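Please find the structures below.
Both complexes below contain chain A, partnered by chain B and then by chain C.
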Partner chain A sequence: MTNRKRVNVFGAGFTSALSSIIAILVGLAVGFVILLATNPAQAVRGVGIIASGGFNGGMKGVGQALYYATPLILTGLSVGFCFKTGLFNIGAPGQLIVGAFAGIWVGANASWIPSPLLWLAALLAAALAGALWGAIPGLFKAMLNVHEVIACIMCNYIGMYAVNYLIKNSNAYDPLKNQTIDMTRAAIPKAGLDKIFYSLKGRFMDASSVNGGIYIALALAVVMYIILNKTVFGYELKACGLNRYASKYAGIQEKRSILLSLTIAGSLSGIAGGLMYLAPAGGLHINVVETLSAQGFNGIPVALLGLSNPIGIIFSALFVAHIDQGGYYLQRLEYMPQIIDIIIAVIIYFSAFALLMRQAIGAIQSRLNSRSAKRREGLADAQEASKHD
Partner chain B sequence: MTESTGAWPVIVFLVQQMWYFSIPLLIVALGGMFSERAGVVNIALEGIMVIGAFSSLFLINRLQDTMSGQGLLCLALLMAAGSGMLFTLPHAYASINLRSDQTISGTALNMAAPAIAIYVARTFQDNHVQQVQFRNTFRLASVPILGDIPFIGPLLFKNTYITTFLGFAILIIAAVTLYKTKFGLRLRACGEHPQAADSVGVNVYHIRYAGTLISGALAGVGGLVFVIPTSTDFNATVSGYGFLALAVLIFGQWRPVRVFLAALFFGLMKTIASAYSGVPVLKSLPIPSDIYKMIPYITTLIALALTSKHSQAPRASGVPYDKSGR
Partner chain C sequence: MQNSNAEFIIEMHGVTKDFPGIRANDDVTLRLRRGEIHALLGENGAGKSTLMSILFGLYKPDKGVILKNGKPVSIASPNAANALGIGMVHQHFKLVHNFTALENIVMGVETTRYGLLRTDQARRQVVALSEKYGLSIDPDAKIEDVTVGMQQRVEILKMLYRENEILIFDEPTAVLTPQEIGELMKIMKSLAAEGKSILFITHKLNEIKQVAERCTVLRKGRTVGTLRVADTSIEMMSELMVGRKVEFDLTKNPAKPTAEPLLRVERLTVKSKHNQKPLVNDVSFVVRGGEIVCIAGIDGNGQRELAHALTGLTPVDAGRIFIGDKEITHSTARARNLLGMSHIPEDRHTYGLVLDYTVEENMALKSYFRHPFQRHGFLSFAVMRGHAERLMRAFDVRAGQGPATRARSLSGGNQQKAIIAREMGELPNILIAVQPTRGLDVGAIEYIHKRLLAARDEGKAILLISLELDEVLNISDRVHVIHEGAFTANLDAAKTTAQELGLYMAGTRAKGANA
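Here is the complex of A and B:
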C-alpha cells in the first residue's frame, strides 16, 4: 500500500506556478490599495490599466511590451541560472551596461564588417564583455571567498562609472543628448515584426521598437533549459547549488562551477544589453547618468517569479514588461508609474514565501491524497470481498 | 614651515569632509552588526537608508518654514529611526517568523524603497517633482569652546553637525551593549548558536526581532545623516551606501571598533572620490572625475579580497531559526 504511486492532484509544475500567481495577485491587490489611497475616484480604472498593460496602446503597445521583455528574459535567465547554482547574481545591471557598451562600440567602429553581419558581431562583443564582468565576481568568490552579492554590487558601480567614462571618450557619444548615437548600421533586423506591431497615425505606420532580438531571447531560453536539464554540465551546476559539500564529495569541481556559472550569467546579461541598445531607430540609447540599469535589477523578480526555470522566465518576463507598460499608460490618470516597481517589490517579497506556500499547498495535497487513497483502499477491499463471495 | 601652513587647510578640509562620509557608514554598519550578530542578514540596509532619509527630509521640507536648526534636526532623526524600523518589520517577519530566504526579502525592500520615495514625493509635491528640497540650517560653524582647541578643534569641532557626535555616541553605546550587557550576550548567542541560547531559556525570536529592528532604526538614521551634509535635495538614492556599509561590516569583522576603523577608511576613499577637486595635488592630476568615483568601489573589492579568506561571520547569520532543529 505504501509503495503505491502518489497521486498528484495538482501536478508539481502547477503547484509551483500557483505560488507565483498568488504572489502576483497579492502584488496587484497592494497596488490597488495604493491607488485607492492616492486617488480613490480613479483606482478601479487604474488597476484596469495596469492589468491590460501594453494592450492600452493597441498593437504598438504590445510590441513595446515585447521590446522591453527582450532584455528582461535574458537578465532573468542570468539571475535564474545563478540561483540554480546557489549564487545570487545581483550584478546583472553592471554586466548589462558593460555588454551594451561593448556592442555599441563595435557597432560604431567595426566598419570593415559588412552591414548585415555587423549586429551579430556587436552582439558577440556584448556577450564577451558581459561574461568578463560576470567572471570578476566569480573569481573573487571562487578564489578569495568574497561574498558574490557584495562583489557583484561593487562591479555594478565600477561598470557604470567605467561605461560613462568610456562613452564620453568614444565616437559613439552624442554630446547634445548626453547619450549614445543611433545604431543604424548595427541595428538588429526587424524580422517582419514591424509589419505586425504598429498603430496607425493617419496613414503613417507608427511601428513599435520590437525586433528580431525577441527571437534570440526566446531561443536562448530554450538553450538554457537544455543546458540545465539535459546535460551533465547543467546537472553538476545544479548539484553544487543544492549541496556544495555533497557535490564536492562526489568529485564536482565546486570552484569551477562558481566561476562558469557567473561567467555564463554575465554573458546572458551582456546579450541583454546588446539586444536592448542595438535596436533600430526609435529604440533605447545609453544615457550618461549615474543610475544602475533597471532592466538589470528587474532580472531578479523575473527569475524569482519564473522559479528560475528558463521556460517560466519567458512568461514572467512577459508579465513584468506587460505591467511595466501598464505603468506608462497609468500616467493618463495622473498616477505615478513608480507604483509598478512597488507592485513588483511586493511580488518578490511574497515569492520569498514561496516555500511556505508550497508547504501549505503540499499539506492540502497530501490530505486529499490520503483521502482518495483511503477511498481506493475501501474500493479494493470491497472488490476483494466480492471476489471471495 | 611654509609647506605645513599650505598643507594644513587641505588636511582640515579633508578630515571635515571625511566625517560627512564616515559617520553614516559607521552608523549603518553598526546597525547591520546588530542584525547579523542576532542571526539575520540584512541586505536591505540600502533601502532602509532611502526610506529613513526620505521620510525625515520630507518632514524637514514640510516644517522648515516654521522650524529650523538643531530642534528640527532632532525631530528628523526620530522620524528617520522610526520609519527605518517600521520599514524593516516586513523583513524581520519574513526572516524570523516565516523562515523565508533573507536575501530575497531584503532585495524586495531595496527595490520598494526608491519606488515608494519617488511615488510619494511626486504625488504630494508641487509640479510632481521627485527631488525633496531642504534648507540646510543644521551646520555648526564652530562648537563653542571646543572649536577653539588648537589642532583638534578644526578637525573635529568646526564645520560639523551634531550627527557626527551622535555617530560617536552610537559607537560607544553599541560596543558597551554588545559586550557588557545581558542583552548583548544573548544577541551574540543567537547569532552563533541559537539552539544553545534557546535551551537556556532565551527567546531567540524576540532577540532576533530586537537586533533586526535596531538595524532598521540605525540604517534609517544613517540615511538622513548621509544626505544632510552632502546635498540640498534628496533624489531617492543613497548611491550604494547601504551596500558599502555591508562591506564595511565584513571588513570590520562584525566588531564595533574594527567597524569604526573600516568606516574611516572607506569614508576617506569616498571623500577623495567626491572632494578631490578641493585638493590642489589631486586636482592637478589628469584623472577624470568618473575614475575618482570608482575608487571607493574598487578599494572595497580589493580590501574584501585581502580579508575575506579567513572571514568569520556570525555562524548562524542568515540561517532561519527552527525550534524543531534543537
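Here is the complex of A and C:
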C-alpha cells in the first residue's frame, strides 16, 4: 500500500467524457433497434447514415451541422448555467423566440444603423429581450417563490403566441410564406466560413448556412466557463445551487442569484434566437406556427449530455446537431419522416443519461480499485512469504 | 475459523476498508459476547462508524470476515443484516416524520390481509414490547410531534419488533437530556439482561463506565485493544483512545469582562411561522468582551431560533439586537459577519458547509468576496488554498486529499473542525457557537474548549449554546437557562451544579429570572 491516493484510475475529466460517450453509444444502440423494427433491410445502412451525420453531405453538410449546433450551444449553456444554480430553465424556447423576434424587428426597422453594424445591434436586442423573458420567471421565483418550471412554461406559450401576433402585425412579416422576411441587411456575417463549408454543384459553390455565429457561441461558452469556475459571481451561484441554506448562512443573497441566473440564461437563449434567425434568404425564418422552438427544448438534453459544463456543452451541442443532420440524410432511405424524428429524439434523449453513466462508471471504478488493491496486497504477501523461506 | 466458538454472537476479524485517500479500518477485530453491552470507543474518524456500517451491511469490507455464532456470513445490505438479527439505531434517526410511531415501527414488515394493512395485531405486539422493556411511547402520536427521547424509543422498538438480537446504538446519548440518558442506560441494561447483545458507540467515557462490560478502543482505524471496563479508569480509556494524556479539568483564568457589552439583546421575540407561538419569548441578555455566556437548555427550547435571529438567518418579531452601539436587528447575515460576528451553526450539513464544495472552497465561504480572495471579481485559488492549508494545520482538520477534498467525504468530526477553523480562524469579536463540540471526541472537545477559552482571554465575546451540562459548567462564566423560549434562570457558572441546571432546564423558574 504505497500509493493510497491514486484511486481514481482515469481522472475526473476523463470519467465525465467517457460517461457521455457511453451514453451516446447507448442512444445509438436504441436508435438501431428502432431502425430494425421499422425497416430491417436498411437498418445497418441507416445507422451508418445517422452516425455519419453532416458528413453525408460533404463540407456543406458539415457546415449545416455547425449552423444547427450554434443555437444548441447557447440554449445548452442557458439550461446548464441554471442547473448549476439549482434551477431548471425549461423556458429556453420562449426566451429564444422572444429574442429572435426582437432581433428581427431591429434588423427590419433600425434602418439608421449602418449595415455592417446592424446585425450586432439586432443581436444585442435579442439578448436583451431574452434576458427580460428569463427575468420574469426569475422574479416570480425570487419574490413569490413560484416554481421556475411553472413560470417558464407559461412564459414559453405567452412568448410564442405574442411573437406570432407581433410578427403578423409588423413590417417583418412575409404573408406569402407565413414567416419573417429575409434579413439581408442584418444577416450575421459569414466570417469566411462560406469559403470552407460548401459543396460544388458543377461550377456553382453551394455554400452552407453556417456563419460567424458559431464563433460567438464558442466564445460565450468559454466566457460562461470562466464565470462559473473563476469568478466570485460563479462561486455564489454554485453555492446557491448546491446548498441554499449554507449560502444564506454565508451571506449570499439567494434572491439576487436566482434572478441573475435566469436573466443571464434568458439572454443566452435570446442570442441563440438571434443567431438562428438573423439570416438571409438561404437561412432559417420564424414560421408563424403554434409550435415551441425545438432548439430551445433541445438545450435540455444538450446540457445534460454535457453535464452542465460549458466546454462539455460545446461538444454535446455539436453531437446533437450532427445526429440531427444524420436524420435529414436518412430520408434517402425508405423511412417515414415521423419515424426519423422518433429515432433522432430517442438517440438524443438517451444520450442525456450521461449522469447515470457517470454513476455507473464510478461504481465500476471503486470495484476495480478494491480488486487491484487486493491483488497488490496478495502479491506483497507472497513476496513477504518467499523472503522468509 | 480456528478459535471461535459460540460464546461470541458476532465476530469481526481483520476487517479492512479503504476510502479515497484514507484507510478507515485497518485489520480491525471486534468480538461481541452474547448478552453483553460492548462499547466501541474512538476519536472522530477512528473508524467506528465505518466498522458499524460494515456490520450493518452499508459498506462492503475490502478484507476480513464476519462470523455470526462462529459461522462466516456475508452482509450485503441492511436487509441482510436485519435477516441476521442485526439492528441499528442511527445517530440521525431514520423515521418518517408525518407517520405515527406505530406506523414507523411496522414499516417494511407490515402485516396485511388481502393487501390491506392490519395494525391491531402489530399494535398489541408493540405495546407488549414497550411495556416489557419500559420503552414508553404513544403509538398514535406523529413523530414530528414527539420528543427526541421518544423518537429514540421508537427506533429501539423498531429493532425489537423485528426480533433483532444484536443491537447497535450509534451515539445514542448525543441528543438526550441527563434524565433521558439515565432512562436509556436502564433500558440498555434490561435489554442485555433479556439476552440481547448490544454494541454501544460513544465518546462519553462515563457512560461506558456506567453500562458497558467490555470496551474495544479504535485509534486511526486500528484496534488498540479490548478491555474490561470494570478494571479500567476513565483516564486510561481516554489515553488509549487519543494516544496521549487528556486534561479533563481545564485551567481557567478568571474572566476579565469588558465594561461595555459587545453583544446586547433587548426583549427579543421570535414567533413560529405556522401558529404565531413565540419560540423565543422576550429574552434579554448581554455578552461582554472576555467572557463566555452560555445558553443552556434541553434541545428544542428555542435555542435554534435564538441563534438564527442573532445571526440574521431568521427575521425578528420584536426586540432589538446590538453589536456594540450599532443596532443590527434587521441587518443581513453578511453585514453582521462584517461587523465581526461569527457563527458556528448547529447543523453542519445544512448550514455549515456546502458539501459538494472542496474544503478550500468551504473555508472561504465567509471571506471569498474580500480582497485578496478576490481581485476584480475573479477568485484567487492560490490564496484560497493557502488560507485552507493554514486553517487545516492550525485546527488539525484531516482530509484524504488535503484542501482539494470534497467536504462531503470528510468524517463528521473533521467537518465540524473545518467549520470551527473557518469561524474561529480569523478571531471574530463575537462568536455565536451552537453546540460546537457535538459529535466530537474528548481530544477534539478539549482542544476546542481551550480555543474558546483562549479567545475569551483575548477579549472576545462568546455566546455558547449548548446541551452538554459538562460543557456548560466547565467553560462558561455565566449561564442563562432557557425553557420554552424564555429564561428560567440566570446563574454564575462557578456557583451552580448539574442538578440545579437540570431543574431549571425542566422549567422551574428561578427568582429574578426575566419573564
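The rule we apply is simple: the second predicted complex is superposed on the first by the 330 of 389 C-alpha atoms of A that agree within 3 Å, B and C clash if a C-alpha of one lies under 4 Å from a C-alpha of the other, contacts with A are read in each partner's own complex, and residues count from 1 in each chain.
Assume contacts are C-beta pairs under 8 Å (C-beta built on N, C-alpha and C of every residue); 3 or more make two chains touch, one makes a residue touch a chain.
Computed from a predicted model, the values in this text were never measured in an experiment.
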Partner chain(s) touched by A:Tyr245 [first = chain B, second = chain C, both, neither]: second
Which superposed partner A:Asn287 touches (first chain B, second chain C, both, neither): neither
First (chain B), second (chain C), both or neither touched by A:Lys230: second
First (chain B), second (chain C), both or neither touched by A:Ala162: first
Which of chain B and chain C A:Ser115 touches, first, second, both or neither: neither
Comparison of chain B and chain C by chain A residues contacted: B
Footprint overlap on chain A, comparing chain B with chain C: none
Contact footprint of chain A on chain C as seen in their complex: 18, 20-23, 62-63, 311-313, 332-335, 337, 343, 345, 350-357, 361, 365-366, 368-369, 374, 377-379, 400-401
Residue numbers on chain A that touch chain B, as the complex places them: 34, 38, 88, 90, 140, 144-147, 149-151, 153-158, 161-162, 164-165, 168, 290-291, 297, 300-301, 304, 336, 338-342, 344-346, 348-349, 351-353, 355-356
Interface residues, chain A side, partner chain C - complex: 1, 4-5, 7-8, 230-233, 235, 238-239, 242-243, 245-253, 369-370, 373-374, 377
Residue numbers on chain B that touch chain A, as the complex places them: 43, 90, 94, 98-101, 103-105, 107-109, 111-112, 114-116, 118-119, 122-123, 128, 237, 239-240, 243, 246-247, 250, 288, 290-291, 293-294, 297-298, 300-301, 304-305, 308-309, 311
